[in-house]
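As written, the chain order gives the labels A, B, C and D, with residue 1 at the start of each chain.
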């Protein structure tokens, strides 16, 4: 397929490379210079990327996506893609807006955010959460297959995929907080947090999220960050905003927000999200 | 070895049977009539069970353990076991008291609570968390091997094993709450909670705790209970008490306590702990 | 003074009337038809109100204030007021933006939100919280004196007055929540919540906020609303947003948010803010 | 009346002195040497104080009250008082137990905890919260009148007075937390917490609790303590225990518990309860 790819951050560059690898024709664009993607054609403007069989966006946040697509006027451009696959982690509200705007512009729109970090992206092992008209998803399924291990479909309304992504991220940050509190508790009773987490993540909690973040907490290794605490707060904020819209109290998310702010106030915004565990430790006097 | 086993609830009976199976001589006692354990000798009093190479207790809570061992005067009896292996989920404070009392009485004391439900107990697949003098644990290791898949050691002070058990249970209830909130959030955005949890527990959260409780929440199958919500509150209460003693703030545990009380106030004390998810659902108007 | 007054809701109409009463020349404008203010001149557009010695805005929220002043282009109009006194309860961020925009336009800007409900507004008994350049506040002090019992000054930066207003509203909603939880607790022990609150608000908590909201909770009289629960949520949301900006964890505010959402999910958005107490009652099974 | 008074701490000594002042015959006893109360007779044992027309206890906590009355066997002594007035701040559960024990012993029992600090006790200006059989309260009303400004009655079941006392203390600590968060929020926006609190406690929150604690927070004057933070935690713990018994979720109380533990972990247990505000400040990086 003829694909444009917008957004070449750590995730995007790996995803675009996998599209090339799978034999697709890929035009890439990034706001700043960005990396070279072997086998892909760098184009000079977002508009040149936003055309062809499909255009994929993998941008940092609502503001970036809105700036490029909406304020950039791409949907009013003479050439547009058949489908736009929005893979960024953005708000439910923006995704809903985009669905409406695309419908008016006659461009297909699929929301397809992903679970997985850069190494999973490089390995084509992402879990992709897709929602949108079934025919549109079907059309881009070969692209999703090139980037992910599996595509999980969540119905016709694109914003539902974003809700699922935010729910998942909320559960990840909750797991980190639970481990942080448990480790502080253990330390308060003379048990090394690392020993506690080693046992639990090898048994009851032997899953990727717990093993990964539990290992970082056990080692107190918060730099370099895989995903920053500040970005974790962004995602919790998006979850809380979507929860408010749907009138869903989420007391765990509220605790996460407060503790992430505590971390930021202690200059920990740029460490790894696992560093949320430092808050429980500090609050217990450690 | 010649072993006495006190407490033949759903867990205890399976554990005692595995001791018999492994070739140990087992005397069993239960406060009420209790089940028959094939190959074990039922004795008429706790004192007759509390002797031999080792005595194991697997009782419901602090009150039961204290009643049998301390108030029952077993440590002042003429015959006493070489080692007492306390496997009940009890408070850190009681375990600390028991360590002191046993030391004065010249009886070894090992705290060895377990992770795993009755089916894991029957399969000898428990994870056992043991703490106490290394020589004492060594002495009873063959018994622990007969009951569990693995013994995790946490040092000389017995109460540390109880702290680890409470930390683990706190993490289990936290996982349930996180899934409950995430499911309510998803439902608020038109995504079936079951679909969300199916995806997450097959991927990022593919661990026993998440798969088990996630499955129950997805199916809204809270009866019959594997482990009641009321018992979950007991464990959270023990964790909070131990946290207070060590001056460790645990905001997640506080949320759990409030939500478990909410469930109890809505007559859900006797459903499965997974039913904690009904609180997030109800609060969001579902 | 020659004053324009924009926004004739329940608060604004009373405040404008007091300006007339104090002898000022008052032009009034409201988006919808709005009430007649005796002695004031109704003008046909916001622009006609936004001129003279001072213009006062008393609008519902950020969106309304932004729509009228910024999107309405009033600061680019040929005639502008010497000072704009923004008395609406709006976000710290918007007030900061307005300060910058007004500075560029050469129009003075004072933020002066108020504490007090419509009856206090009618009596000229509001507490006014003002911030902005001292000379500007001085210029409009006669107007503030006509509307309020006292003006409390909070320095040069206008948005600080908005922060103070949000802090105060946060404390009001916190007081309601505390009374709601205390009443549910009392009822759980056989004491009528009304008896508890009567005693406490006559003694330790004998202040306007506690007496007013405590009386409503005691009587379970949540309709008609003096100030709706939905508006209370708006204010807590603004406080949380401003707290996030300043990296201040506010766990009480987080609880308020969750409980206000719980109330909304139970169709209580349009009852009085005192009705937040129904959440604690319901959660305890009452 | 002929009165015995047990417990001569800072509150008790002032209350006993007021009984002497009012013309009653007062025997006093304190576990340690304790102060001289002019006009009162010091007796050598609790038993000598626990007799006559009425005996009053004003002890530190559950343990002290239980030790003196229950474990001390006073209710089995040959001479007993007609009525025992328990004025200590103790648990609802203990008060309920005492009611049953006294009934069996044929001694009247009234629970009558107080609101007010030592200066209010000295001035006879306490607010007394009494519950118990009306005839018993009636009998001791002259004593209560000598010690307090007003007696508020809460029915026949003595423990209800203790529930009311705990509810009131919960509201006091909640007020402190709300002020602490509001002050941290204000400081985050460049407004001195002292300025914020001065305004609010002079207007909407012009009540004794807010003025007193608000003044301490504004001045950051946490020593010497009027009432220590550690004792505040004790009261919150009693409230939470009673809430659990009645199945009442109290999220504010949970936050208070966590933040009080945070303070203790930072060695603030012996400063004034107002120092709870240091937690919100520290968490925001101040």
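General remarks:
Following the convention adopted for this analysis, a residue touches a chain if its C-beta (ideal position, glycine included) is under 8 Å from a C-beta of that chain, and two chains touch if they have at least 3 such contacts.
Protein names from UniProt, one per chain: A, B, C, D = 2-(Hydroxymethyl)glutarate dehydrogenase.
Everything quoted here is computed from the prediction, not taken from an experiment.
Shared contact partners of chain C and chain D are A, B.
Should one ask which of B-D and A-D has more C-beta pairs in contact, the pair is B-D.
With centres defined by CA atoms alone, the chain at the far end from chain B is C.
In whole angstrom, the spacing between the mean C-alpha positions of chain B and chain D is 38. The centroid of the Cα atoms in chain A and the matching centroid in chain D are 52 Å apart.
The residues of chain B that reach two or more other chains are 243, 247-251, 255, 258-259, 261-262, 265, 283-285, listed in rising order. Taken together, the touching pairs cover every possible pairing of the chains.
Chain C contributes residues 92, 115, 127, 129, 150, 152, 154-155, 157, 159-160, 163-164, 166-168, 170-172, 174-175, 177-179, 181-182, 184-186, 188-191, 195-196, 199-200, 203-210, 239, 242-243, 245-253, 255, 258-259, 280, 283-285 to its touches with chain D in the complex. By the touch criterion given at the top, residues 251, 258, 261-262, 265-267, 283-285 of chain C touch chain B in their complex.
Of all residues in chain A, only 237, 240, 243-244, 247-251, 254-255, 257-259, 261-262, 264-265 touch chain C in the complex they form.
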